[in-house]
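Both complexes shown next keep subunit A, but they swap its partner, so subunit B is in the first and subunit C is in the second.
Up next is the complex of A and B:
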């Protein structure tokens, strides 16, 4: 009897011990990092990283610039969100960049950075990124690391599937996440099926970068999710995922998850160009803005647009085909050869891979399975090249290396799964911490992947870093993919929420990096080229201060004769022509921000003095040994005062 | 004078034209904050920076210690030197064509005298810039002067100033060497 209890007791102890050992073992095994890892990510002080990594800031609206393999953050490029540090959206020069048909929009949700390409290879000229909420696309100039242009996308409910590229950056594309009435109007929400439509936009990119919404395609009212341009043989085509083919307008988590297959829209954009040339488009009136930053004038301009060309698929045969794709596909990724199109069926148990050549054959043989609004649906079996079985739960996105493998992020099972193109077999998998969204391989969505690393972009970090209250950092994780097995090298925190990211060898970008703006080329109407031109000009209650900075003083640094109720514009030109010598400008009580003026450029701060008194201003960027002496005073007199307008430096 | 020597002398004269295309002297400044380098290039007719804007940036740095601004247009030597070079080219050609040894001796002697004057003048110019400091300068260190060395290097506060002859100086030197060779060859054939 006792013996029996003793046995049971022993068994229980054994079970508990096993559980404890396994549990502790699991805790430890989550960091399977071996000894030589530190060496692989250590970038010696004073030496450069091998790659630039550009991560989207997600809800921060900006772009993070990191080095790989170190994971060091170099810069946050302000794009869609105001940034008082850089006066982005606060200086008079940059305000027009935020103009939309809804007025000044100071924030957006930036998801997908995309490096410009030449012949299908990242060329390091520009970085495009989408604004998801108020549909926009930005172009960042990688010589200045400044946002050079922001274009609003008309007839879009949300710009998620964007900004993906064609092989030579002929176009950036955009597809609407939300279908909406087009043109937008006041309709009952339950009239979705009748009134709601989607659009796919092709934005032409001129040689020097200027964007223009060349044409849009009116498509059935689904949710359009992500996209990728074809390359090589599939150049001339672009692929867009869609979900909610159920056309639900409420409780989408259930109602949009019913169909076994949704669609990838394959768009023949060369054909679309022909139709546009033949005049087979309808001109819709539309209200949208293109904002661009003039490099020579150091200021932004807004251009209002009033119409857009729209193609209707039923009137343009051969323009779009639907590839049936299992279960609400998210990413659509084209392999380096341009033949295979992998979809991330986020609720599917497989990764379907379509074949471009089979698709072309199926189109030729009209292997259709009905149509939606005149868009033929190709037979799944006719276009499918293979299925990756057991790819993890919730496959989202695939990037490719230079050795014929695909790497898919699986959100729910929180892992990266490596599979072989052609045999579709899973060859390796590695956990991520935690809940990976996108992933990035340098050049991994181009014709020429540089390989070497895969970067996981994670949504959740929980216990990975020191806690910082309820909101924790999101993260990137760096894995070595040069061997057969993926190896975790490094975790590093990211700004905002990193969705997609792009990486490129450093030398391609750094050789173009600007050091200064030549002062003689500064065409800002309020710039001055020499200290002797510094002056203050009153025009009614508007006062223009033409100010210069050079180590280590402002000219003028004493200003009198400003009155309460004046509208004062400080136009500050940094006369420095030396690398890494910006000057700052901040004035007490300013309701906007500081200025941070790069060598050779001009920026303007608007100031509304509301109370009389003396106001100091000073340089905010530690510029030299006498930085702390770089300051000045403004005397503000009461309204109607007869204190004469006067200014000087050094008297 | 034999024809070989004449050809050498003509060559020696004509290579002086190259001094219009290369700097005569260089002053480089080394400091931790300037990993990309910063410096001056002194030509027979101008002063430039090692990189665009270097001259302005050096003037900007110098104002802290009260050094005068270097304004190339205000330096008379840079206006005179090109004429001296042209004169020496013509002098050399004339002495070669005339074939008179005493003219060549005179040419060489003049060269050496001019070079000595030039170096003395350069030293005095450096002395003036290094010593005549604005009494209101922000950084004043008792007893400190900022004269760069004529040749060699010297620490001036955080900067190591390195002053060295540049290509055009070596061209001048080579011209004199060629002239001497021409004379030696001529003497041998005369024997």
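Up next is the complex of A and C:
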């Protein structure tokens, strides 16, 4: 009996051990993670990462800021979505940032973060990102890590193909995903071919960053997808992919996949500038907004725009050429030399790579194959430099290293494929987990890639993380590309959908980081510069509370004489001049959010007391040992009460 | 009880010694090499007396410049008054007589470099233990700190002489 049990026990142990060994073996071969990997991503406590990684939050509408190689999340920058934590879109000062021709739009779908460039190299001044749904482009200031400007794009049905840059950030370019009637009007949907058009927009960026829709180009009613500016020899040109050249308006998955080739539109924007200068544009009335944050006033302003200049290609010869490109191309990526233009033919079995110099020659020799609405179509053979064969299924996007290789993401086969520029041969491939969309090499779409890592931005994680109900995290994966073979180093989860990301060496950005806002420069009309100026002012039923904060009290912290039905504005100025000392402000029953006030700045919370009683308020950001003492009371009396308006601190 | 009394006594002793030292040192500061026997802090004499910060030499103070003191008052109101009153304890200690407690050099170093002093200087540590609030760095530049000093020199000159 005893022996029998012992035998059974031994067998069970053996089975478990075997299963464990096999299982672990599988896991290892699946990930190909070798022994020294931990060292390569380990950033010692108290030390800095080598790179900043800016990921789009996708449908969260925000931007995530991570460190590489650690994958640590440092900040979520609110951009297109309201964020009660930072009062973004809730404070009176930030509300104008959300203005559009459709009114206050509190959310968007943010896809492509793009670092500003000087001479084709990422310079760390700004990060641009697009809002897809209600077409907008935002500019984030990388000194403050705050959204500095949001401009609406008129005549656009969906702003997917943006914000891509010219080499000195002269322009941010955008193309409409959905073609729509321009100007928009009520037409039958099956009149697509007759009524629907696309636009390509050039948004001028002024020296200090201010954006303006300088001109748009009216293009045939296709879907426009992605873009890239030329660089070096191709500086002065920008490239835009299109699909749905079939011009279907229903069941696009079938109907827009019929043609063998769609187009990359090559736009000569220097030529466009000349045409604009010559007055060869039409002025279309259009209704759109530019919103910007005034750093001295600590508040945002909205500017309404009412027209836009439009160029018509048939009236502007030499403005656009079409490069035929196989099967619904998605990404269009220009290599660091500016000579090669790689397309992600998402339904193609190859990656076509066009040559800029061949394109120029073909234009000169008029090697055309017909035209669309006056836009000449160049012959595929005349512009093609080479084809990467067997790049995986569903090739989407390519980024480049500094050693002459392209790295293409293949969505359907979930892999990154490395190929050599010039020979077009595939030299390495590595699986991603799972369904990679974009990929990112620091500086990988500029003249100067820092080719140390490639980051895969994955749509699906399935079994990679602890389950969290029906929705699982999406992820980024870090690969070492410093050697011949790509090596997986790290998986890390991301906010929203990490649709695209850009990375930059830390020292370029961190030296500009703001620590405080000098209080003497605070030009907010409701700011106070000294505690002695704290006061409460009634004007009819509108009450302005001019409040100051410093560790660890509010002034005033006792307020009486507020009445039900009043409209109360708390204008809170943080008098601190020390790095990393924001104060929070929250009042019971507020229907909006808290305030989080940076040192030296002023923010305003609107509060509508609906019931009489006593309302506490307090600091929400743990600021010092006496943080828990940082509080106050507001007495709210009935409507028409004669309780006198009074305020004080410490008496 | 005894323990508390002893603590208060010790504190008093330290403060007393510090004051005594400063008031003596004020007059005869010519020889920096002098080893001060009351300095048992382990700090160099200069830092013990004048704190840590950019002021590393004795200031040569001219007669009080009233317009400059006026500018100092404005800086005090904007950057300091949220925590310091002149004649009563607030977040930090009352400030009218600050120059009777510390040297002008210490005053400026504390304004310019509070973090290091709170960490290293026995007097600042003592104050921290008493007020439970680290003095804030208000990002005041050298020139403005000097103006603040002038304001407190003016206040000091108006105090009744003992």
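We adopt the following convention: the second predicted complex is superposed on the first by the 623 of 651 C-alpha atoms of A that agree within 3 Å, B and C clash if a C-alpha of one lies under 4 Å from a C-alpha of the other, contacts with A are read in each partner's own complex, and residues count from 1 in each chain.
Convention: a contact is a pair of C-beta atoms (placed from the backbone, for glycine too) under 8 Å apart; a residue touches a chain by one contact, two chains touch by 3 or more.
All of these numbers come straight from a predicted model, not from anything done at the bench.
By the touch criterion defined above, A:548 lies against subunit C but remains apart from subunit B after alignment on the C-alpha atoms of chain A. Residue contacts after overlaying the shared chain place A:254 against neither subunit B nor subunit C. When the two complexes are overlaid on their common chain A, residue A:610 makes contact with neither subunit B nor subunit C.
Legend: residue contacts after superposition of the two complexes on their common chain; A:403 is shown touching neither subunit B nor subunit C. In the superposed model, A:530 lies in contact with subunit C only, and not with subunit B. In the superposition on chain A, contact is made by A:577 with both subunit B and subunit C. Between subunit B and subunit C, C contacts the larger number of subunit A residues. Touched by subunit B in one complex and by subunit C in the other are residues 516, 550-551, 576-579, 624-626 of subunit A.
Interface residues of subunit C, counted against subunit A in their complex, comprise 77-79, 81-83, 90-91, 132-134, 136-140. Those residues of subunit B lying in contact with subunit A across their complex are 36, 52-53, 56-57, 60, 64, 138-139. Within the complex formed with subunit B, the subunit A residues making contact are 516, 550-551, 576-579, 624-626, 629.
Here subunit A touches subunit C in the complex through residues 516, 518-520, 529-532, 548, 550-553, 555, 575-579, 581, 624-626, 650, going by the rule given at the top.
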